[in-house]
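Two complexes, one shared chain (chain A), two partners (chain B, chain C).
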Partner chain A sequence: MSEHTEQKENLLEVRDLHVSFFTPAGEVKAVSGISYDLKYDEVMGIVGESGSGKSQEAYAIMGLLQSPGKVIGGSITFEGEDVLSKSRTEMTAFRGSRAAMIFQNPMTSLNPVYTIGNQLIEALRAHDKSISKEEAGKRAMEMLTMVGINNVQQRMKQYPHELSGGMRQRVMIAMGLICHPKLLIADEPTTALDVTIQAQILELMKSLQKQTHMGIIFITHNLGVVAEICDKVCVMYAGKMVEQGPVDDIFYSPAHPYTEGLLRSMPRVDADSHERLIPIEGTPVDMLNPPEGCPFAPRCPYAMKVCLQKMPPYVDVGEDHRSACWLRVQEALEKKEGKNDG
Partner chain B sequence: MAEKLLEVKNLYKYFPVKGVKGPGVQAVENVSLFINKGETLGLVGESGCGKTTLGRTILRLHEPTAGSIIYDGEVIYNHQYPFEEKTVTEKDKDGKPVEKKILVKKSVPGAKAVNMFPYRRKMQIIFQDPAASLDPRMTVGEIIGEAIDIHGLCKNRHERTERIKELLDKVGLNTEHANRFPHEFSGGQQQRVGIARALAVEPEFIVCDEPISALDVSIQSQVVNMLEDMQQEMGLTYLFIAHDLSVVRHISSRIGVMYLGSLVELAESYELNKNPLHPYTKTLLSAVPVPDPEVSRSRQRIVLEGDIPSPMNPPTGCRFHTRCPYATEKCAQCAPEFKEHEPGHWAACHLLDE
Partner chain C sequence: MAKYILKRVLMALLTIFAIASLTFFLMKAIPGNPFLSEKNPPQSVIDNLNAKYGLDKSVPEQYVMYMNNLIHGDLGVSIKTQKNYPVARIITEMFPTSAKIGAIAISWAVIVGVLLGCISAYYRGKAADSALRVVSTLGISMPGFVVATLLLLLLCGDGKPFPVLFTSTTSWRRYVLPCLALGFYPMCYIARQTRTSMLDALGQEYIKTARAKGLNTKRIVLKHALRNAFIPVLTYLGPQIAFTLTGGFVVEKVFSIPGLGRYFVQAITNRDYPVIMGTTIFLASFVIIMNLIVDLLYKVVDPRIDLTKEG
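Let's look at the complex of A and B:
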């Protein structure tokens, strides 16, 4: 990372973001109170189970929340601009050119009746009308070569169904990057792919990130993938951010029982002996009737009385490492008292 | 020496395709393996490599094309390979004649196939998608009870209700859950119902077909632990099919690796991880993400070029040669033999013969 980029302010600042879905059965707080910063050139992972709100949080940044979902509080600042106050047309210009998103299933996000070339050219010309079709075609082919597709001339004329899953995801990445966005949100981009293809895509994303210096938000439930690609991690549970920190801190000194539980419950391919897995007991939270207090408390082995009553505040447990857990609050208080006594 | 519960010899499963000459989709190609009593044999491979088809063919949910299946010393299926290789000359795009090998059907004696009904009690299956494998119109009690009724395992209503309760209890569900419908359960609970249904007939052998891939991470380990407990308690034998190598590595005593319908390597789980022989196994192991930032930063990864070829038109010779970084001319010409290179460690690769 050069000094130049370090001096710059944050690429993305999310503060106390709240997203709710107003369903006939009641309000579902999909995201409640998420805050983080993303620097230029940084890869952040958002980890959580299905239904933890990790995708909705990303949709909010892109202005893609589906009705009845709504942002009901907080702010999103992108390069100093308020994203939430942008009008529809401003959002359309913003999406694709400055922030792009790639999705889990490339088949459903590519248009089946247009050729790959057509779709890439359209993406480019939608944001820059002055560019000629020939020029756009040339840029599209450059982009496809960059994401490791060969036989580009022929690929441009093919339809999505003629490509394999891994190839389609490459096309999606090419389409996301064609306008040189500063931010790329990748929503489970490798979940639908096989391990060997997943390895290809991860390697590709790592090298593209080095070339383009964009910020990436990588949403996944796979901790292995996070360890592979991310600089920092945000762990979500039931719409709340339970822990956030640099990747090494999260993996080697987790400060929240949920993170700890996730890490412990995963079998490892490089394990030396057969150890019994230690699962997280219980079932995921019913988002229509979330428990009071800390959402993880009913499944937490260390739960105390206070956990069931009040949501813990965020406590700094290390450099850039924050956690929302009453255990850490207690520790912090004890430390403070110790200092005062001394 | 451990006793073999199930043995499969040269098993083939082809799915004919309408309007296409030849054998169609070659989903399982010449697979031989055995499973000992009380052990777990893991089966890994990428999607479309035929691991699920192999599991189902072993249970004869798909009728095999050829090969033999021996369960507990009794042959439950035996059939000769009904195809032969023929060389034909075809004209390519430029009109030049090219020699091409194709498979042509030949007549063979009929298959020996026993009635599976008594074996259905001994061999069961747990499916990948718990929601799709449970009848939405039946209560959980009816789903589990149906299996009991078919095999006439309970004498009266009372005994049947008790048995259903016992099974629900065993898989960690409440006895009141018997009156609920599948949609009222979470994915993890649905999978528990699927497991209770399989256990209802007191089987000896269970094919677990990706039983945890559809579940949340925090629930996966609960189900894995439960399957291990059941095995201990009831002396079950598993064929555990999954694409996630770390889970298979955890639960299995031995692991088989499949690529495009063929078994390329089979070894003890620890041995396979420490000393993989086949190039494909090496790639697969290096591709699995490890939840440890330092390890993933330091390790060398083998990244394969390209995608899996179509099983409709598999490559000649070794099926992996189109993507193998070490492929030689020989690999393209003839298929390597699946043989024991070290005690208990089988692999199919020409490089190992030299």
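Let's look at the complex of A and C:
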């Protein structure tokens, strides 16, 4: 982003992260080699189709991976601390207080048998044992007001089933932010909602981000949502990061055929363009038996021989803009040769 | 809420009426007569006794008579086991013993069952889980009299800690084995049910939310999962509490406990019609009341349930 944020140190550094599930049928490499930096105050989108490893990547940061899933390589550094070497107790203290996460389905993410107030207060008191119930209740109501809920006194006593989906997602956001975390991971927070509610929640998250200056990782399979809220984007395919860059570069000069496909299949907001949506052809990768070489090769219109044999290396295609595609490798070579010739 | 309860009470009365009628006719359809015995009394004596207790009238007439008395709160008198003793008195004297043993049995069954179920679910697939599952499967497939007899053989008698006969002592020890035997089946059942519903609850999204909030494992399991996991257990508890409190007659028989369950079985053998009827109506009412209480409790545990919307 802008220069002055650049000078700040990173909130989160993920390096060559690998997450695998060791199933009876074999190793599933849910995440294989993802790296990025997230600055304080920055919003990064993680985009990719269902099953591409977005959620598992986030769980790894939060220490929420479920067996048989394991981090098998790489590092996660949060405010200079090594997250992966934290003990269980340290992770429990870390979750919710310094990094929070909200999930896709607000209908099932809240416990149906406890009131909203109970669940909010609990989130606060889990990390601040000294705070009184009354004080916690007050803070909870402030949070509810902050996420745009009215009648908070009454809402506190209501049960999740008495609220609409959008309202519940607001409650989830309030609960995530109640301890003022530095990082919020939102895992497809709008996917399960109606389009109008989706827009409202996005608006809310944008304005909260401005108020709190927290870092956000916004997971979605919808590039349109990314354009709304993100500073930069990481595109995932079959557990691999295929392209990463500032949001404008990703939209106006995508450097990977998969990203191009995503853009073509994205519903346009400007109504007069009656271009047909072009879905990406082919089926997602079988994660148990991923192809050698580029995972996108079976669906890629530009696939070459080399694509089937070797995974392409990352090539810098612009400032903070990288892509893993043999086309870019070729271009880079040609450019170099051209320079040498000239 | 008041409307709902009123509705349930009316339904209950209707059910009890239906059960009473059905029992009456079924009971009359069993061959035999309360006054037949080894002594083979002369026909004239039997006729006199039949006349005295109104058994000489036609079955429909007897039915109308019984129902009429029932509405006036009169359950009649025993015609056999304890001659001319009011059925209502028999019930009030016999029931407390059954209820006491039943209450202890169901209490330990719930506490231990839920606990074991939680442990089993939490250590799913580990040794503790496998061991508990073997025990609970055994427990729900073993007939009650086998459990009772085993306990009796192993732990009762001279030099052993517990008495063979319930009535032979007034020490608390006499309660231990009957309560163990009576609670074993429900305990195993509850453990299995809790394990299943606990695993289900632990896989829910709200558990992930609870973990993401930074709650510790104890709180996640005991607060967030257990309350939800308990809902199916509660469904089972309604009728089971009633059955257990009204006395497993098998256990009462094995340990010679003067409870209502054992007495009931005796009454059937003796064709003691008023006792059969009275006890049946009492037990049915008890089951129905327990079910109502559990349904109301349901609402407390699960706020999503709207009692007024159901039939």
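Note that the second predicted complex is superposed on the first by the 324 of 342 C-alpha atoms of A that agree within 3 Å, B and C clash if a C-alpha of one lies under 4 Å from a C-alpha of the other, contacts with A are read in each partner's own complex, and residues count from 1 in each chain.
Quick note on the criterion: a residue touches a chain if its C-beta (ideal position, glycine included) is under 8 Å from a C-beta of that chain, and two chains touch if they have at least 3 such contacts.
Quick caveat, the model's predicted, so the values are computed rather than measured.
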{"item": "Contacts of A:Leu64 with chain B and chain C, given as first, second, both or neither", "value": "second"}
{"item": "Partner chain in contact with A:Asp194 - chain B first, chain C second, else both or neither", "value": "first"}
{"item": "Partner chain(s) touched by A:Ser85 [first = chain B, second = chain C, both, neither]", "value": "neither"}
{"item": "Which superposed partner A:Met175 touches (first chain B, second chain C, both, neither)", "value": "second"}
{"item": "Chain B versus chain C as contact partner of A:Glu228, first or second or both or neither", "value": "first"}
{"item": "Which partner reaches more residues of chain A (counting touched residues only), chain B or chain C", "value": "B"}
{"item": "Which of chain B and chain C A:Ser130 touches, first, second, both or neither", "value": "neither"}
{"item": "Of all residues in chain C, those that touch chain A in their complex", "value": "204-206, 208-216, 219, 224, 227-228, 301-304"}
{"item": "Chain A contact footprint on chain B (complex, rising order)", "value": "46-47, 186, 188-189, 216-222, 224-225, 228, 243, 245-247, 249-251, 273, 283-296, 301, 303-304, 307-308"}
{"item": "Complex interface listing, chain A residues touching chain C", "value": "62, 64, 92-97, 100-103, 105, 108-114, 122-123, 126-127, 159, 161, 172, 175-176"}
{"item": "Chain A residues touching chain B - in the complex, by the definition given at the top", "value": "49-50, 164-167, 194-200, 202-203, 221-228, 247-248, 251, 261-263, 265-271, 274, 276-281, 283-284, 299"}
